[in-house]
Each structure stands twice: as C-alpha cells, then as structure tokens.
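You will see chain A twice below: alongside chain B first, and alongside chain C after that.
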Partner chain A sequence: MNRSAADYALRRGALALVTIFLVVSFNFVLFRLLPGSFVTNLSHIPNATPAFRRAIAAEFGLERSKWEQYIIYLQQLLHGNLGVSYANDRPVLSNLTTDIANTVPMVSLGTLAAIVLGTLTGVASAWRRRTVVDHGLTGTALAFYSFPTQWLGLMLILLLGSVLPTSGMHTPFLIGAPWWKSALDELHHMILPSLTVMLTLLGQYTLVVRSATLEAMSEDYVLTARAKGLRGSRVLWRHVVRNALLPVTTLVALSIGFIVGGAILVETVFSWPGIGLAVYQAVSERDYPMLQGAFLLLTISVVVCNYLADLLYFRLDPRVAR
Partner chain B sequence: MNSALSRSRALLLAAGTLVLALGLGSFGGSAAANSTGGGASDQNLLLGIHLDIDSLNPFVAVQVSSLAVYEYTYPALVQYNTALQIVPYFATSWQQSTNGLTWTFTTRSHAKWSDGTPLTAADAAWTINTVLKYATGGAAELAGYLAGVKSASAPNADTLVVHMAQPEAAFLADIREMPILPKEVWSRYATGTKGATLKTFANDPSPGHPVVGGGPFMVTSYDKLGVTILERNPNYFGSKPDVAELGIEYFSSPDAELEALKDGQIDAVWTVVPSGANSLKADKSLVVHSQPGLNVHDFIFNDYSKQKTDLALTLPVVHQAFDYAINRSEIVKYAFDGYAQPASSPILSATGKWHDPAIKTPPYDLAKANQLLNEAGFKMGANGVRIADGQPMSYTVYMADDELGPGTEVFQIMKGDFQKIGVQLTLEALTDSTAATYTVQPSTKFHLMMWGWTPPPDPSFMLNTYTCTQFGGWSETGFCNATYDKLFDEQSAATTPTKRLQIVYQMEQVLAKDIPEIMYADQDWIDAWSTKWTGFGETAQGFFTPLTTMGLVHVHET
Partner chain C sequence: MIGLPTSSPEVVSPARETRPNWLSRAVNAVRKRPSAAVGLFVIAAFVVLAVFAPWISPYSTSSPTGPIYAAPSASHWLGTNSLGIDELSLLIVGSRISLLVGSCAAVVAGLIGGTVGLVSGYFGGAVDVVLMRTTDFFIVIPPIPLMIVIAAVWGPSLGHIILVIGLLLWATTARVIRAQTKSVRQRGFVKRAETLGERSARTIVRHVLPQVAPLLLANVILTVALSIFYETALDFLGIGDPTAVSWGTIIQNAFLETATSNGAWWAIVPAGLAIALVIISCYLVGQALEDALNPRLSGGYLLVRPWKLRPLTGREAEDL
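Let's turn to the complex of A and B:
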C-alpha cells in the first residue's frame, strides 16, 4: 500500500471511530427523550405492583441521574458489556446474537436477490431505453419502491397465505427433526419475508443501475467499441456494465450494512423473530439496553461496511483519494 | 437452540436463491397436519397470541401471556372456574380461622412434579417463604400476591398453613396467582440478601429436559418471539389434557394472525379485536366466541385537588353532566361493532356477584347535562362554548395509544355530543408510557384522559385504585375520599363474604355518586377457533388466561 492509500485508510478509519462514539452517545440520549420508562410502562399491568416497579427501578439503576446512567453505560461498554435486557433479564449480547442469527439469512437472501435482479432489470431497461421493456421494468420497480412495506407484506400474505407459511421461522411441533428437514422448513418460512425484502429493494437497484448504465453508454469508449464493430452484448457487458457498476458499490455496501439491522416492518408483519422485531418490541417496552445494543451493532455494521466500500472504491478508482 | 437448526443456517443463504427461483412447493398446511410429535391418537393444538411470552422465569415475566403459561405449567393452591368462582387446584380444601389470621389448606396427596419428584405442601410453603424473604429484591414480582401474609409452614406433606399479619379478604384471589415452584430446582437460586439470582435463572427447556413443573402441561421448547411448545405432563395430579402438545405462536401483526387462522396455519386465536371479529364471522370454518369481558374503558378526570387550572373539571356536578352526555349505546354499536356492553361501574358485570346490580347505567340525556351545567353557573359563550371560572370549557383529552382504534371512534362520538352541551374537546394521543407518566398522582399534567383496565375478577384491585394511599401507585384519578378509604380497609379485613360484599357495594355507590372517572364500555372478550376443534373453556379473559387451567385442558378435535 502506498502512502496516499495508507493516509486515506487512516483518515476514513478515524472518521468511522468518531462516528461510532457519537452514535453511542446519541443512542443513549435519543431513547430517553420521551417521557416514561420501562417502569412506567408497567403501570397498567395489575400484577406489576408499585412495590415491584420500585424494585425494578432500583435493579436497573433507573432511579439514578441520567449522567450517572450514562457514565455507567460507557464504563460497561468499554468492558464489552452491553447490559441486561429489562424485559427478560438476560444479557443484551446473548439476546442480540440469537436475533441477528435469525435475521441475517432472511434479509441476506432478499438483498442478494434484489441486487441480482435489480442489476439485470436496470441494465435491461437502459439497454432497451424508451421501449415497452424499459417502461415496464422501471414502472414495476417504481411501484414496488413506493408501496409501504407492511402493506406489501400483508398483500403477499393475502395472496399466498394458503400455500406458504406467513409467520415465524419454523413449523411448530417440528422439534428434533433431521437438520436437512429443519433447513428446508426454515427456507420455506423464509420465502415470503425474503420476497418482501427483495421487492422493496428492487426498485432502487433497478433505477440506480439503469441510470449508471445510461451514463456509461454515453461515454466515448462505448462509441469507439461500437465503431470497432463489436457485438452489442460484448459492448454491453465488457464496456458498459463493468463501468456502470462502480456507483452501485456504495449501494451494495449500504445494503449489506443494513442487513444486520434487519427489516423492522418485514419482520413485524411476518413475526420473524429477528433483530428488527426485537427492536420493535424494545421500543414498545422502552427496553433501553436492548435498543442501545441493537443500534450500536447496526451502527458498527453500517460504518464498517461503508469503510470497506470506501477502500474498495479507492481500489477501483484511485482518483477518489484526491 | 436446536443444534440441527444452527447447522442448517449455514446452508440457507446459498440454497435460498435456488428456492426462490424454483418456487418451492408448499409442504406446510394446517397446524394439525404438520404435527410430528406423539402417536396417531395424539393431537397438537396451535394457538396464536399477540403478546410475547417474555420469560419462563416467574420472577421476571410481566406479560399476561407468560402468566397464562405458568397457570398451565405450575400448580397454584386454587384457581377460578370459567364462571370465575374459586375452586380447588393443588389444594383440595381450605379453612380460614375465625379471626382471619390463619388459613389451612389440604393439598393433593402423592402428587408429583413433571420429573417424578414428590410435589408436596412443603414446596408451597417454601415458595411463599422465599417470596416473603426477597419481597423487596428478586421476588418483588410475586410479592404482590402475598398481601398480609406473614409466613407459611407445612406440618405434613398434605397440609399447608399460611399465617397472616392481618386478615385479607382477597387472600384466596391473590394466592391463586402465586405459582408453586419446585424447591429442588429453585432453592439454589434463593441466595444472598436480595435474592437477585432468582431473576437470572433463565428456566429454559433443552432437548429432552422440559421445564420442571406440576401443571397439566410442561414447557418443552421456548422461543420468546416464536413458538413455545407445551407438552402434556404425564405426572399431572389432575385430569390430563386432551391434546398431547400445545403450541403457542406469537404474532406481531394481528392482521397476519387472523389471516393465518383463515388459512388454517393456526387452530385458534386468543383475543380478537371487534373489527377483526366481523371479518372472521363470514368464514364458516371458524367459530367466533364473544362474551362480556374483564376489559373496561374509562374517561378519567384528574381530581387532584391542588391543580392550578380548569378546576371546574374537579367538580362532581361536571362529572355528572359529562356522564349524561355520553351516548354509550352509540359507542357500543359503532366504535365496538356491538362487541361491548355499556359500563356503569369499575366493578364489571363479568365479575359476577361483585357488581352491584343497583347501579344503573346513566341515561344519555343532553338536556339533563345542559341543565346541570347551567345550574353550576357555567354560561354559554357566544361561540357555543361555555365559560367556567372565566375560561372557556375547551379541553384536551389525552388518549393512551392502546386505546386507539375503537377509542378514536369513541372520542368522535363524545366530541359531537359534548359540543351540544357547550364543551369543546380536542384529542391528543400519547404512548402508554407517556400516559402513565402523566397519570402518576399527584399530577398536574392532565385534566382528561381516555384509557382502560383489564382488571382481575376480585374487586380489591380496582377498588384500591381509588384510595388516597395509591397516590404514586395505582391511582390515576387523584380521587381521595376518607370515607371511601375507610370502607376499603373494612372490606379488606372482612372475614365473611357476605359482610365484604355489602361493603364492596357501598364503595361502588360512592364511586357512582362522585364519578372519579366515567366507565363507558365493558369490551367483550372475543376468541376464535377452527370448527375442527371444540371444548374451549371460555372465560371473561378468553380461553388462554392466568385465571384457570379449564380454558384448554378439554380442547380436542371434533
């Protein structure tokens, strides 16, 4: 690595660390801005007596000042401790590990499918610009892009609920089945939520790839390639698409970063027990440690993926360091 | 976690694309058809619920769905039947001493925990004494069920004696909620001065090792946001459940839950909203059951006497006028689609004898409401809004977000009627947590609020919410009446049911007169299930409830 590359990597790395620290503090403040807490949330549950609520507040340090809570939070974080979930008294890291393990396959599948399909449809609509193909593909992509995710999920449930599982990750009572049967069962449950993720992401990939492809198609080297008498498909894949995919790198990196964050709406509609649903629950319950932990992991994931994208960008196009 | 599942995950991503491309055919179907457990005659029932089972540790969980799981997996001394009368469970009989300070229970002989070890009165005594010992620490969650209890002892395997510091009329109703835990399993966590480790024990099952319990079922698999499986407990002392396994599936989307029922992916749904019930009724393959529930909706006045503004709202005459201006029939018909009853008292008719039949629902009478406000001297302003203490009678009504839906429609009906009596209302929605912060008494943060309760069948809880001692606790109205508080203490100490009932009625009369909050609707409890199943024991809190095991033990295929 030459000096400018090392400087670039260091500068970007330092920026990433500062971003993470700021987000850590921001997360702490953000969730405490609204009135109320986990304890006040229990005030309409008859079995959560006032004495119990006081004991809970003492156990989780909620009666301490916000500054004290912040210092304790930072100290624990430096020791790698994300705290204990208020809702089930278990370590946040343990909860999140399970949630992420559930989320990543489902969201990855949908994202990967969206990247592949979106790239193909984007290239096809650019190559056949201003034709029925172009209008059909971009129109469809825009429609899916504009549908509210939860509405799209519910429509898929209405349409396909009689043939595909619409909730959870496994067929109930299928405990102790051979691993391959469990895997197929999980895949079967993954189809509708992954399809929803794919359809919601498809639009942006189609449009970004189409736009980048059109830009590349107007370059002189494409004209030269055509003038040399190269076949259309060779011009497209060797000269246009390869150059058009550069801006798509950022979008892919961002998408990968967000995989860890799950898809809150998709997981909520399909009751998929991943990190998105856990965040939804934690917001409802004011479970601060879970929220802080989930957002910290999401932040690290997005920042790291962006950092890697920056480095990749530098590798693909060294001019960005200037 | 199942190791087969962990191993499988590595293959999922690569195989997934293929699955999507090939459009893998269905190998799902109905919940019963998916069953692999048990023999040919075994049946597996799959319920849909919309509350997560937050923990299998009774010292941690607060969700009613978790408490319902405990009801089915841990014995309690007594339970309710479906008519909400207290009946035997682990205790076969009981007796209260004449001074009300000692309760003696005869418990089941030769009972066993699910792991085959003896289940005796000593386990019950240990549970009670442990909760008392750590009442301000790790056992605070359960300590509320032991109001007035001093200690417990087990002179022999089948006898439990509970010693009271003072008589508690609601003792049986309270102790009913206390799960009896296996001392053998839990005693190692009851340590230290605070008993904090009682809360850190996950109490999760693992393959081949169900959670040790003593109820009709035992937990064999747990997933907080997924499916929890309960299997028939072969060592249960009572009559065994008809189904071999009971699956409880969490749904975060109620709409998706109802679709899953229609599609046959689940067998039954516990708790359906009124609008959902109508959509299910058209489906002939489903049964929709509704009955008056323990679910009351209220219009709260902040009666805290030291408020600085809008003091007119603390006057009983204003409460009375507002009560006359509420059209309960319209509210029931349009906001709740007919799935509610007009309410008149915080002690609901579903509680049976505790509801004072002498208290009638106030008539909808705008003329009377106007008359009362005129007599109070609140003159109508030029813009049709009355003036009280120099201020227009124009108020913000806060609404807790779990009231939204029917509550919004209720507000629109109220708003129209209140305009006709010269009172202007504006709605502002709050999260439940924020609403709770506003209503902690003494409070000056609100004047009017719409919220609700899902109270237990025994009247003590609801009656207690109006006592002065509950400032900072359950009180949301700021109502404080020394006579009422005296009556509350008397009913708590009453040692005969007749005497207690008489005092409870007196207290209801006080509330009907002073109207600290207007109870406008008692929402029905609605459940639904496939016609393939029968035998559900419906209660005022549905078939899956911490009140009784009778909701599901007799469910079987038709």
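Let's turn to the complex of A and C:
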C-alpha cells in the first residue's frame, strides 16, 4: 500500500460516502416532504378529532420542524432503526436481514454460473471471431440481453415447471427433516430462480468477455507469444485470457446494480422470500417503512460494492488512478 | 480585396471542410451493417403497427371475444387470455404504450443527458466537476429500486412512468456527449467563433450541437431499448398505469392469472418476443450509429450500457 493507493482509496471512499448521504437524504425528502406523501396523508385523516390528529402527529414526530425531523431520522438510521413494518409489526431491519440471507445464496449461485459460462462463451466467440460459432454465440447473447427478466422466469416455469419446484424456498411439509435434507430441498428450489438470474446476466457477460478478449488479442505480447511459436491454446489461456479477465473481475461487482433490480423481478416470479419479494410486497401492501428500508439497504450495498470494485480494480491495474 | 464578400470556394469552404459530414457517415454505417438495416426495418414495422393499431387489431381489447385461455386457432391466432380477450389484439394495441413510453422516456433522458453533457464538456472547470459528480451518482444508483420507490409514492400514471424512467437513464448519455463536446471544442471552427466573441450559448447551439447531435441521436435510440426494458419491469411489478394495455401488462396479467399452470404459453411468449425484437433492433441501430460516429468508442465492451464508461480496459472514462 503506497501513498497513491491510500490516496485513491480515500478519494473514492469519500465519494461513496457522499453518495450514500445523498441517497439517505433523498429517501427522507421523497417520503416525508413531498406533498401527498404517506405521512402527510396520515395526518389528514377525515373526521379525526383534533386530539387524535395531534396524537398521530406526535407519534410520528410530525409536530417538530422539518429540520428536526431530518436530524432525528439520521440519528435513528445511525442506530440501525429503520422503523416498524406495517405488514407484520416487526422492526424493518430484522425483516430485511432475514430476506437478505435468503437472497444472497440464490443470486450468488446464478451470478457464479453466469461468470463461468459467460467467460467460456465469450472467449470461444472471440477466439473464433467472424465464424459461425462467433455469430451464433453473439446472437444468442444479444437475445438473452434483450429478454425481459420476468419473461425469462415465466418461460422457464413453462418449460421446466413440471419437473422442478417453481415457487417458494422449501417444500411445505418437510418439517423436522435432517439439515442436509432441508439444504438439498432448498437447493432444489433454488435451481429455477438461479437459472433465471444466470440467463439474464449471461448475455452481458458473454459480450463483455468477448470484447475484452478481442482487445487482449490485439496486444503486442500476443504477437510476441505467437512469434515464439507457442501453441494456439497456450497463447489463448496463458496470454490472452489472463489479461482479458482483468475487466471481468470487476464486472461482477459493477453489475450488482443490475442484479439487484433483476432479483426483485426473479423473486417475484418464483415467490422466493428474499429482499426482492419484500420490495414487491411492500409496494402492493403500501408498507412504506419496508419499502424505504429495502430501498436504502439495496442502494447502499450497491454503492459499497462499487467502491470495493474500484479498489479491486486499482489493485489489479494501478494505472486507473492516474 | 480585404473585407469584400467573395464567392470563391477557397475562402468559404475551409471552415466547412473541418466539419466532418456526420450524416453521410451515419447513413454509410447503417448501409454497411446489414444487421442495422434489419433493425431499422423492424423498428419501422412496429411503429406502423402502433400507429394503425386500432384499425389493424382484429378484436376489442376491453371485452372478451372468446373462451378463457383458448388455444391459438383460426379465429384467434394467438389465443385468448384469462378473461377471454384476444391476445393478438392485445399485442397490437399494447405496442402503442410500450413504444410511446420507451421513446418518450428516451427523449427525456436525451434532453437531460445532452444538456448536461454539452454544458459540462463546453465550460469545463467547476461546472464540469459538479455535473460529472452528479452523473456519477446516477450511474451508481440501481435504477429499478429507485424507479419503484418514486413511482410508488407518486402514484401510477403514464406520465410519471415516462418521467421516472427518463430521469434515471440520462447519465451514460451525458458522459458520451461530454466527451464528444470536449473534442469538438478543440476544433478550429469553434475556436474561431469564440475568438469572434460569440456568446457561449450561441456557440454551443450553432457550432457544437450540430456536431454532437448524431451521437446524441444514437444514444437516444440505445436508451429506447433500456426504457422499454424498464417499462415492462415496472408494469410487471404493478407500478405502471393499471388501465393501459402494454406488453408489460400482458406479461403481468399472464403471471397474476397463472397462465403458466394453465399451460397457456400463448399468453406469455408473443409479448416477450415482441419486446426482445424491439430492444435488439434499437440496440443494433444505435450501436451501428455510435460506432460510425465515434470510432474511438467502438468496441464490443461498449455493448453493455451500464458499464460502458467504466475503466474496463484500463482507460479512464475521460479518455473516451
């Protein structure tokens, strides 16, 4: 860690913090200051006695000034208090931690599969460029890039719904089974949602790996390797792919914003009880504390992942900090 | 001689010669790439379909004209949905909302992104820093959760959906336009206008904008693809206009009314294929234009819009 690295990390970190602060403030403005937003409506219940109105306003801290409310909001956030869900009266944070724990394995499995398969198809397509293989793979990638996520999920249910579970995370009557049995059951339920995540990412990964590989293939060191008389496969894996994978390492972290959006759609289609389904249900039940909490958590995690990606990229290729 | 108006081409043309003819390059690009021409044709076909939808669609889209979930037949080419409404008619009429939202949102995004890019690239300095930090913010924020939150608080309406999508998808366009503006600014004819004391606003509109406009158009077309993608997602989550018939609500309806367990593939497949066709076409046309207009941008990794400005190959976003 030399000076420029620390400098870079600090600068990027400050930027990430500012972004998070803006998101947090935006959340406050959106839900509490806009006319017609939820809290404003709640304080205007028809036929309410003035005493009742005052009680409601006091419960939500509405009698204070906007600035005071903002400060209290920030303080509560720092203590991890995201409010209480209207739907089940539990703290939003504890709801969200259960949801996140369900989302992460499903999404990770799909993303991992997309990375492996996307790398293979991307490299193959670049190595055999302008052949039938390339056109076929690129065309397929472009198609999967264009299909709506929710549509892909529904198509998988149509095609494989008779052989694989299509809804939820567990078989309802599997109670008291040994841990490995319920783990297998969960994995079984995970196949279709993870497959959907994989397919939505596959197109993008293939195209990115293909172009990174093409770029690496035009480098001088590849020419040198060829001139030395190395075998084609050796040139490909040792010289081309190793360098082409450099952008791919950060691609994963950078695509998390897309994955987050995709997770909402995929979990809705498959009723997977994760944070995406929580967002969907919060919208349909008008459970605003949950919606806010999920939005904050998702956005902040994306910002943090982007920051980590920046650092990772710097570690792999210090030229970016110039 | 000095100061006399002259018709001699040697005196008039140098200023023009330094301006590359973007339009002919764009036309050439589309002509050279058969895939772009196909894309253009598909888009044109869908636009015609959308414009004449009420006259083309065989049945009503508001009342049932057949049995529930009837399989495709001679009278209902694409079957019927959970209410017995003809799917083909829904698909044809639905193209209106999908294309309208997609293109309007892209225009909103293009206006914001174009303005930010032009101002940022032309003036530089503190203005540039502030605008580019704002742009970074919008590049990092995941769009779907933010769209959901805003649309949920705002209430469902077509105008809100257009605005929400447009307001969140301008960032990449701003980056591309800024880079192009910076390079155009160095050219002789812009310098000349500045030296002659022309106001900045006039210089931007008269001299910079015409050079940047084709690239802006390419980016708007690329954004149409993204907008349609997001519009169907919001419709699916029940945040779009619930009364409007669109490709997104066709899929939403199929999901809510369990078309999958009824085996009604005809309620799902056509809408998704139509969406994908339009997205691919916009993509092919936009990418061909962008590659032709800005050779330094060309490269497959630019295929993936959200990441196109990332230092994927070790170069800074500024080097674009």
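Assume the second predicted complex is superposed on the first by the 270 of 322 C-alpha atoms of A that agree within 3 Å, B and C clash if a C-alpha of one lies under 4 Å from a C-alpha of the other, contacts with A are read in each partner's own complex, and residues count from 1 in each chain.
We take it that a residue touches a chain if its C-beta (ideal position, glycine included) is under 8 Å from a C-beta of that chain, and two chains touch if they have at least 3 such contacts.
No experiment lies behind these values; they were computed from the predicted model shown.
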Touch check for A:Thr103: first (chain B), second (chain C), both, or neither? neither
One more residue to check, A:Thr121. First (chain B), second (chain C), both or neither? neither
Taking the superposition on A as described, I'd like to know which of chain B and chain C A:Val279 touches: first, second, both or neither. second
Considering only touches as defined above, state whether A:Trp180 meets chain B (first), chain C (second), both or neither. first
Which partner does A:Thr111 contact after superposing on A: first (chain B), second (chain C), both, neither? neither
Using the touch definition from the top, say if A:Gly161 reaches chain B (first), chain C (second), both or neither. both
Output check: A:Pro247 vs chain B and chain C. Expected answer is one of first, second, both, neither. What do you get? second
Touch check for A:Val269: first (chain B), second (chain C), both, or neither? both
Just checking: does A:Thr171 make contact with chain B only, chain C only, both, or neither of them? Give me first, second, both or neither. first
On chain A, positions contacted by chain B and by chain C: 34, 36-37, 150, 154, 157-158, 161, 166, 268-269, 280
Where on chain A is chain B touching in the complex? 34-37, 40-52, 54-56, 59, 87-90, 98, 101, 105, 108-109, 112-113, 116, 150, 153-154, 157-158, 161-180, 182-188, 190-191, 194-195, 198, 267-271, 273, 277-278, 280-281, 286
Under the touch definition given earlier, write down the residues of chain C that touch chain A in their complex. 133, 136-137, 140-146, 148-150, 152-153, 155, 225, 229, 232-233, 236-239, 248, 251, 254-255, 259-261, 263, 265, 268-269, 271-272, 275-277, 279-280, 283, 299-304, 306-307, 310-314, 316
What does chain A use to touch chain C in their complex? 15, 18-19, 22-23, 27, 30-31, 34, 36-38, 142-143, 145-152, 154-155, 157-158, 161, 166, 204, 207-208, 210-212, 214-215, 246-247, 250-251, 254-258, 260-262, 264-265, 268-269, 279-280, 283-284, 291-292, 294-295, 298-299, 302-303, 306, 313, 317, 319-320, 322
Flag every residue of chain B that touches chain A in the complex, lowest number first. 1-9, 11-13, 15-17, 19-20, 24-28, 31, 34-37, 44, 46, 52, 54-55, 57, 60-62, 64, 67, 135-137, 140-141, 143-145, 177, 196, 199-200, 202, 207, 220-221, 223-227, 229, 245, 247, 249-253, 255-257, 259-260, 262-265, 400, 431-434, 436-440, 451, 453-456, 461, 470, 472-474
